[in-house]
Every structure is written in C-alpha cells, then in structure tokens.
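Shown below is the structure under consideration.
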Amino acid sequence: MANINIGVIGYGYWGPNIVRNFFSAADCTVKAVADGRPERLAAMNKIFPSIKGVKTGDEIINDTEIDAVVVATPVFTHFALAKKALENGKHVLIEKPMTSTVAEAEELIELATKKGLTLMADHTFLYTGAVRKMKELIDTDIIGTPRYFDSARINLGLFQPDINVLWDLAPHDISILTYLITETPLSINATGISHTHNNIENIAYMTVNYNSDFIAHFNCSWTSPVKVRQTLIGGDKKMIVYNDLEPSEKIRVYDTSYNHTTVLDRNTIMVDYRTGDVYIPKIQLSEALSGVANDFIQSIINKTKPLACAELGMQVVKILEASQESIKNKGKEVKIK
Amino acid sequence: MANINIGVIGYGYWGPNIVRNFFSAADCTVKAVADGRPERLAAMNKIFPSIKGVKTGDEIINDTEIDAVVVATPVFTHFALAKKALENGKHVLIEKPMTSTVAEAEELIELATKKGLTLMADHTFLYTGAVRKMKELIDTDIIGTPRYFDSARINLGLFQPDINVLWDLAPHDISILTYLITETPLSINATGISHTHNNIENIAYMTVNYNSDFIAHFNCSWTSPVKVRQTLIGGDKKMIVYNDLEPSEKIRVYDTSYNHTTVLDRNTIMVDYRTGDVYIPKIQLSEALSGVANDFIQSIINKTKPLACAELGMQVVKILEASQESIKNKGKEVKIK
Amino acid sequence: MANINIGVIGYGYWGPNIVRNFFSAADCTVKAVADGRPERLAAMNKIFPSIKGVKTGDEIINDTEIDAVVVATPVFTHFALAKKALENGKHVLIEKPMTSTVAEAEELIELATKKGLTLMADHTFLYTGAVRKMKELIDTDIIGTPRYFDSARINLGLFQPDINVLWDLAPHDISILTYLITETPLSINATGISHTHNNIENIAYMTVNYNSDFIAHFNCSWTSPVKVRQTLIGGDKKMIVYNDLEPSEKIRVYDTSYNHTTVLDRNTIMVDYRTGDVYIPKIQLSEALSGVANDFIQSIINKTKPLACAELGMQVVKILEASQESIKNKGKEVKIK
Amino acid sequence: MANINIGVIGYGYWGPNIVRNFFSAADCTVKAVADGRPERLAAMNKIFPSIKGVKTGDEIINDTEIDAVVVATPVFTHFALAKKALENGKHVLIEKPMTSTVAEAEELIELATKKGLTLMADHTFLYTGAVRKMKELIDTDIIGTPRYFDSARINLGLFQPDINVLWDLAPHDISILTYLITETPLSINATGISHTHNNIENIAYMTVNYNSDFIAHFNCSWTSPVKVRQTLIGGDKKMIVYNDLEPSEKIRVYDTSYNHTTVLDRNTIMVDYRTGDVYIPKIQLSEALSGVANDFIQSIINKTKPLACAELGMQVVKILEASQESIKNKGKEVKIK
C-alpha cells in the first residue's frame, strides 16, 4: 500500500489546518514541518509530537524521505520554493494564490509536466459541499445557461502587507468561478482604493468580461463593518444564491427566470418574468481541506489530475494579474493572457 | 395665504403617488393631471373626482391657472416638457433622473434662474428618515471622515425599454451619495451587460473616483432572484450599514474603525482594528414623497432652494452620463464634466 | 344575477378594510356603514361617497334593503347585534372572536340554522395563501401525521381594555389550528400575567391537549420589543415553519423527521433523525380579506357553508373560554366543552 | 503557588471540553480521567498523553493525589459519585443539572459545608459574555424592574434516554433566570408530550410564577426543524433580546417600554408606549467553560463561593423537580419547595 511522506513549509495562519488534515488523511505521513519561528514549531510539536520541526524550507526540499511538499508561505515565496521542490522530484501543493505572476505559474506547470510530478493549488472552496452542489446544478442544466456571477467577500479583515485585497480574498471566488463556468474569460476591469496609501488596495472591485454575454463581478474589502460572503449565480432557467455564512443552508435555488423577445415592428424588447418556489438542497458539511489533502495524495498515487489542478490555479493568477494591471491603468480593460 | 395650483404630467407607475401626496400637502391644489391613456385618467378620477383629467402635457403647460408642473413622464421627454413649462412661467418638479443629458440639465437650470422659478428634481430618498439620519451622523462627525460608499440595489425588476439599469435604479443611490458627501467626484468607471442585446444593460457596476481617497461603488441589477437595497458607508471613526428593506431598523452604526501607521524602518504598514457596540437609531418613518411635495411648495412660496435642488439633480445626471460613456468605452475612466 | 346588499356595523381599526374589500367584491353592494363617531363616518364618506353613514347598528339591522350584516364592533357587543340581525332575517359575518362565550355562539348557530341564514366568523387567516398551502401540505400527507403545533404571536401591541391577550391575538392561530388539524381538542392549560393588575393578561401561554399525542402551544404577548408571528408544525414525515412576517417566503418545508423504536431487551428508546432539503413553496399573496368577502357573498348566494363557518368560529371560542377558566384556576387543566 | 490536582469522571459528549479547559487553566493539573469505555480513554490519550486514563470513578475518588473531582456522567449517577468524592475530601464540580432531586442536592450541600469543601455546578452559561452583560444591564437598572423572562431553546436534538427535554435543555435557561432575577420563584406549571410514549417528554412548556407580577416561561423541544436559542427579558424601562445563535450580536437592548395608568372615572386602563433606539453592546466572546474551570480552581484556592455555586445549582433542580410534578399532574400549579 502506498504511503506518501509529506513535508509542510510554513506554519502560520493556515499551516496548522494543513498539518491536521494531512495527519488524518489516508495513505500519507506528515514527516516534517518547516518554519523560521521557533515558537511556531513549538506550538506544532505540542499538538503533533511525532512530526519533526525544521527551520528552513530547504531542509524539507532536500529531505530524501519526503515525497511531497506543501508550500504554505507568503505568496512572493511560492515560486522559488515550489520550483526547487519540483526540481528535487517532489510533488507540490501550493497555497492560493499559486504564484505572483502568470509566468511563474507557467514555468512551474512546465516543470511538473516534464518531471511527471503532481502540481496542485490549494483552492479549498472547490472541495466544499456547497461548491460541489453548485457544480452539479450547473452541469445538469438545472439553472440553464449561466448569465452572471456576482460575488461579495467583505469583512473587517487583516490588512496584508504585500498583496492587495483582490489577491487576498478574491482567489476563493475566482477559483469557484473558474470551476463552475467553463467559458474562458476575455478581459478584466478593476478599480479600488488604498486607504493606507501604499498601493495596496483595501477595497477593490473587478469585472470579468467574456466573449458571450456572461459577466462576473467581485466586490472585496478588508474594511467592512459586516462580514458578507455571498455569490449570486443567474441562469436563464433558475438562479442560485450562495451564502457561505449560513451554517447549513448555504445554497438557495430560486425558480426565477426571465425571457425576452424582440418585438420587431415596435423595436422594443418584451421581458417576461417568472418567480416560483425556492429550494434549499442539503449539502455535505465535511471539512473541505480534508478533501484537498485526499485529492493531492490520491492524485500522486494514481497519477491523476486533481480538481484544483495547477492549470486552474494559473487561471486564477491570470485574472489577478490582469486585475492589477487594470487598477494601475485606472480601470481600463485588460485582456487576459 | 398662498395656494399653489399644481398640474401633473404623466399618470403611470409613480403618478398616483405624486397626486396623492400633493393632494394632502398644505398650501396647494392639484388642478389637473395629463395622460394620453384614457384608462389612466379614469383610474385617477375614480379616486380624485375633483381633479381635471387632460390628454396632453400642453394643456397643463398652457393652463394659466396652474402655477407649478410636475413632470412624471419617461426620461427622454423630461427636457422638452420642463423647458416649455419654465418658458410659460411654471415652477417645475421633474421625476428622477432629471434629464437625459447634462446639457439639458444645464439649460433648464439657466432658464429657471433667469425666470426666477423653482426647479427641482424628485429625489425622494433625500426625504426619508434614514437618509436624514445618515446626513446627521456624517455632518456631526459621528462617523469621522468618510472613506467609502458601497451600494447594492438589485432585484427581479421591470426591464426599462429606453434606459439602462443604472439610469433606472442608481439615481436613488447617487442622489444619496451626492447629498451625504460634499466632495465633488472626479471620474467614473462603469461596466455592465445587456442580456437583451439592445445596448440597454440589465446588470451594471459603477465606481466613482475622487481626488481624495474616498471611493464609491454601485451594483445595480434587474435580474437578481433576491431583492437587496443596502449601502455601506465607512468613516474613519465609525461605519454605517443602511438596509432599506428593514421595516424599521434601517440604519446600523458600527463602532468599528481601523488606523494605520507606517513603520518607517521596516517599510511596512501597521493597521489597528477596533470593533465595539452597534447602535440602531430610531428613525422617522413618514412617507418621503410627502416631504418632496412640501419642500417643492414651500420653496416656491418662500423663494428658497429645495433640498433636492436642480443642481443636485444635474450632478446625478453628470455621473450617469459619464457612466454611459465609460460602459461604451469598455470601462475606461471618464472624467465627470 | 344576484346582488347582496351589505351593511357594516363598526368603522374602527378593521372596518375600513372590510368596507374596501366588500366594495370591490362581486355580486354585492355596500349600502350603509354604522358608527357612533361622526368623524369615523366622515372619514368613510371621503373615500366612499356612495355609502350611507348611519349612527347605530339598529339602523342597519332594521334596513329592509340590506340582506347581510358585517359586525365589526368590540367583542362584548357581537352577540346582541348578531342575534338581532339574524332575527331580522339578515345573513351575518362577525369579526373574530365570534362571541364572548360558547353559549352565545351556540345560540347564534341555532338561530341561523333555524332561519336558513349564513353565519360566518371573520377568521381572515384561513384565506391567506400561506394557510391554504399548509392545509394542502397536511391533507396530501406531505408532512405525515401532525405531531405538534407551536405558535408565537408577540409584539408591542395595543393593550385591549376588555379582553386579554389570548382573546385578542390567539384567535388567528387557534383558527389556523382548528382548520389544519381535524382532531377535536380535549383540554386546555393556560397561564399568564396582567401587568396592568386588572385581570387582563398582557402575556399568556396556552397548551391545547388532545386524546392522541398531538400537542399545541400558543405564546401571546402585547409587551415584546420584537414582533414575532411564527408557527412550527411538526409531522412525522416533514416539518413546516410558517413565518408570517416574511414578505413572500412565508412557508418553509423541512425534510426533517425522527423515528423511534423501542429496544425491548434494553428497555430503551432508539431515535433516528433525518434532515434533508428545505423547500419554500411559492404562495399566493392576494389579500385574504377579499377571500372572506367573496366566500361570505357566495355562501349566501349558493347556500353553501363558508370556510370560516360559524362552527369553526365557535370552536375558537371554546378554546378561549377554557383558557380563561384555566388562567383563573392557576393553570389547571380545563376540559373543552 | 497552589496547584490543584483534578480528576474527571466521564469522558462522553462534554468530557473532552472539560478536560481541554482544565488542561489550559492556571493553578491546576488534570491527573486522571475515568470512563468505562476503553475507546473513549484511547481518544482522550491521543490528545492528552500526559493524563492517566482509568476505568472507574472510584479510582479517581480514591486517588489521594487528586484534590478535586469533576463529575461529568449521566444525571442519575451524579449524587452517588459526588457524595463519595466529598466524603473522601475532594472538592466537586458537577455537570448540570446537579442532581436528580432536591433532597440529593441538599444532602451534598450539607456535606460540603461540613467538610469545608467547594461544591459547584457546571452552569456554563453564567460565564458567557452575553449573560454577564445582561446581569450588568439588570443590576445597574438599565432595563428597570424586570417584568418577564421568555425563553425558547428548541432544535432537532438527541433524545435523552433517562431525562426529559426540560431536564436536558432548560437547566441552561433556568440557571440564567436564577442568576439574573433575585426574587425567589413561587410555583411552576408545566405541560408537555412524549412522542416516544415512555413518559420522557420531547416537547415541554413551563411557566414559573412569582409573588410579584414577574413571570418566566420556557419552551423546550428536541423535535424542531430549526434551532432557536432566544430569550426575551422585559423591564419597565427597556427590553433585552438575547439570541445565542448570533455569532457576535447576541444581546440587543431595545429602548422600548410601556406605562399604564388607571383612569378611575372610566374604570379603564390607559397604556402608553415608547419605542426608541436599539443598542447592541459588544460582549466578550471567550470560551465560557474556561471561566467555569478558573472559577472552580480559584474558589478552592481562595475558599470563596463560585458564581455557579451549589445553591444556585439546587435552585435549578427545585424548579425542574416541580416541573416534573406539574407535568405528571396535568399542568396544575406546583409550589417550589
């Protein structure tokens, strides 16, 4: 029976969750955790005495016993660590967002492909019952042709010192968009404001444009007095409201739609509405990160592509990179590479 | 005692509310209502047998007994009707949005000034207890320096045949923004989509930029399965959540703020948070349109400027006009005239 | 074509709604309204100039042109007015609660039967889309065998000078219970408190016991800072939450149930739970009082029994009378007559 | 520096929380945990390898190294275990409800007093920020004289095999009532139903009567499709709504009140209403059970009385015992001993 030995680099905010979930996952063993802060390693060892604590990522990357590496460090360090790990023959799971640039993501994907290694991005939300249910509702044509995706993710949050609010909060929603909507996005408009006057926007808005008449919009803020995590997804048959703050009733399906007809002789549009029942499907509430850990391990063992594959991770970075360019250029449209 | 004779042009969706409120207002008499549809006049006369129904706006405008005219017709007709009424020496109240272009608004304001007549835009929301309370909270420095204004006004609504969703829904929120925030806005970015493929957007997003680091954003849709009418206003001392759908608790004041300090030697930003009590002030729940009617009448009598003055109405049109140009130009920044 | 001439006695809080709905109903004409207060008659005539205002109920009851009488006066006057009207050959609709005692209700029913006249109680809630939908959900066995009915109707309300909070607020919920649950209730326990120290309880609680293991409970208060109008109805297959304050989503059907098995050798009970989807059926939102008016008129014309028949009205009074006796006797069980 | 050695008897649903909180508390060491189920001890040791697992409570009670015992077993075993522990000179903390009968509680209190030992009941809710804030609002006369306490605690819950829903769920709310309201309750009325037909009610209602015109009511159910944990507390100046399911805004203070005047000549009651602002105080959100652990330890060390003292625990049992007698006697009033 296969057993994958895991090393985790970074034991900050998200690290303990990663370690805990890989600890409980089948077919793997967490061997070592790296963090430069002794107090973080001590905290780790109090809970997991069997895991070795090391000071640097290199000690993980160079450890010949380790098969796979989880990179859970600040974004700007992802590329160098992941590259070195892949070069050393390790499978790699990278925290979201995968890299700071599309070029970095492309290079990692190329390297992983060449080496035959699994490269995956930790887009945890794809493993939630709510997102799985929405995928099912879209793929089985329950909501019809998707028309829009409108997401708000705002709260009074920790200002990040190195990345703006879109890079911090939007990856969740962009990964959901990318997973649910198969059409390739065309371009981005983004606006925002930096109240800290350091070009790191704490409020930002982004529109994603498509060749079709689908549209997506994102509203992100670190400075809202209330926490909102809500996405509307409109189809031409039904519409979904996804409220991630609801403890169990996260998905509501509205039997609501509209149709338009062009009345030629009067050159006007007639729009018909329909509103009906609302349906709240029961969704699985198990921990999503456990799904990430299992998918990573099984993808390595079975040489399959994980759900949150590196290509999806790169698509998220493409949108983020374009958003940054649009904000710098005062909101003008930026084509996605 | 003064008595202003009123004529109302247009008895569509909003007309009955206008007639009812002027009917109950002091110091005025509703003399005539014009509508080309006989069944609308019949409906009016069933409730108000004392009011004369006429077929055309001209019959109102040329009626020498009438002192003041309310224009409650589709937007594209506002300018011609209001202009003729002012030329005939009538005071004029125009439904929101005031005109289709800034040039039209300017011409009407000039004409009213020359003639010494009252010109007013029906921005009803300025007369609600909720908006009055927010004005008070801002003017008395309770929330500190305003930092952002973030509004969503979405529902499954009637598609308009001639104006897009921003022209239809955003005037409410733009008028509130203009009333609450004294700084002159600088520029607009707007994006959107027309699912009816007739260049009339049914979903649209707009950012309003300022010289300071204040920012405003608007999210409007006719195609949401849920109705939302919510605005967040963040100050550097406190923050407001204004939910117009709450029956009485429309305004929540959060004792929430954040401060940042630049730590020079480390070139980083330190941000401190504070969260505290929430306060829900009691607000007056009387009908706002009655405030509009009274302000119009008393402004005529006392030769004073109404709250929803024509200049404010024009400011709303300036933002809308710029939004339209931005949408046409794929979201690029458009300076406000 | 039939036309029923209507007289309304009492133009207080509810009177205008009654007059407006009968005014719009088919096959009837509102001829006269009686109220001892001239200002109420003036208010009525301002809206309905065609209706005659009279000072006393007798003028209605003795009017030979009038076929049917609506009694919308304080409860203690219902019996005498309704009796006289029936004796004069009028059909009678009485505001809820129908009478002050069961004996009075019995006498009215006997009289109406003898005279072949329609006698009906204005239990408006039976004519709402929400209650109709719940009736359908129960009658089609969607929720299975009903197990409990738990209602709260509390708010900061007008203290009534003559009847306690159960007589004031509970008739709505008792009529719904009586309509939905066909089993005859057995007994009542009720408790409460009179903060006005005049034996008129402003807070009261009532349990309705049955021969089966069904149970109903009512929580009524005039002194709650928040308004609640919620009823839970549990079946052994599904459960309903009915929230009358929701603008449209009044009914939620939970696919939730539990089953128990007695494990004999261990003498213990095993209970299995099931939770599943939630379903919010679209319900008709038309005005319920219009349904009352139409049912009254058509029952007269077609000599059929209305939904809110006098027998149902009497059943409500039976429960209220027993509750009063139980409160007086410190909550002890009182059998329903 | 003092160090209290702790033994915990019972490692079921609540046990892990108790062990974790005492593990983190100052001035104490968790020495041993007793549970008859080997798999429970194994689960405990996986997390707390330093704690000794033993099979029986006696091994804890007879351990001379142990100073204090936490009894976290089914209710019917509380008395025997606690008695033996006190006799062996241990301080004792007992899970709620403290005992099965008032007589048992009295005997334990007497024994603890004689031995000079700390005896405490684990009424965790008294240590929440929300209950502390309500205590402050009442003790500082913010809400005025309390008039009523109305609590609902319902959900789809685990049916208990040995105690009814009042014994299971109401102790939380009864302990809050007892803590907040200093007046001694007079009597109980309780009703309920056992859908499992084993005299263990799964739905029950209880009224607590007082000599004054204060009233308390409790609504408990294991068979609700929705989870509700809400208490209204009305004072003659203000009113509180306490919703324990709100993540942070648990307490709302309504500036709402009513006053009545008896109008002698008309023998009627005039009631004035006042509604005003709502205020949501920030409350401390730290884990309540940690407060329990600290209070127990410090009460032992400082020979002081804990907040959740045995007398308060007995008062809760008095109300529960009376409720049981009332249910057996079909809801009749039962005096509290």
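Going in written order, the chains are labelled A, B, C and D, and every chain counts its residues from 1.
Criterion: a residue touches a chain if its C-beta (ideal position, glycine included) is under 8 Å from a C-beta of that chain, and two chains touch if they have at least 3 such contacts.
None of the values given here were measured: they were computed from a predicted structure.
Chemist: With centres defined as the mean of C-alpha atoms, identify the chain lying farthest from chain A.
Modeler: Chain C.
Chemist: Distance from the CA centroid of chain B to that of chain D, rounded to the nearest Å?
Modeler: 54
Chemist: Any idea how many Å lie between the Cα centroids of chain A and chain D?
Modeler: From the centre of chain A to the centre of chain D is 43 Å.
Chemist: With chain centres defined as C-alpha means, what is the inter-centre distance between chain C and chain D in Å?
Modeler: The computed centroid separation for chain C versus chain D comes out at 39 Å.
Chemist: In chain A, which residues are in touch with two or more of the other chains?
Modeler: Residue numbers touching two or more other chains: 275.
Chemist: Tell me, which pairs of chains are in touch?
Modeler: A-B, A-C, B-D, C-D
Chemist: With touch defined as at the start, can you tell me which chain B residues reach chain D in the complex?
Modeler: Contacts found on chain B: 249, 255, 275-282.
Chemist: Which of the residues in chain D end up touching chain C in this complex?
Modeler: Against chain C, the touching part of chain D is residues 147-148, 150, 152, 154, 156, 158-159, 161, 187, 189, 191-198, 200, 203, 205, 207, 209, 213-215, 217, 219, 221, 223-226, 232, 234, 239-241, 254, 256, 258, 260, 262, 268-269, 271, 273, 275, 330-333.
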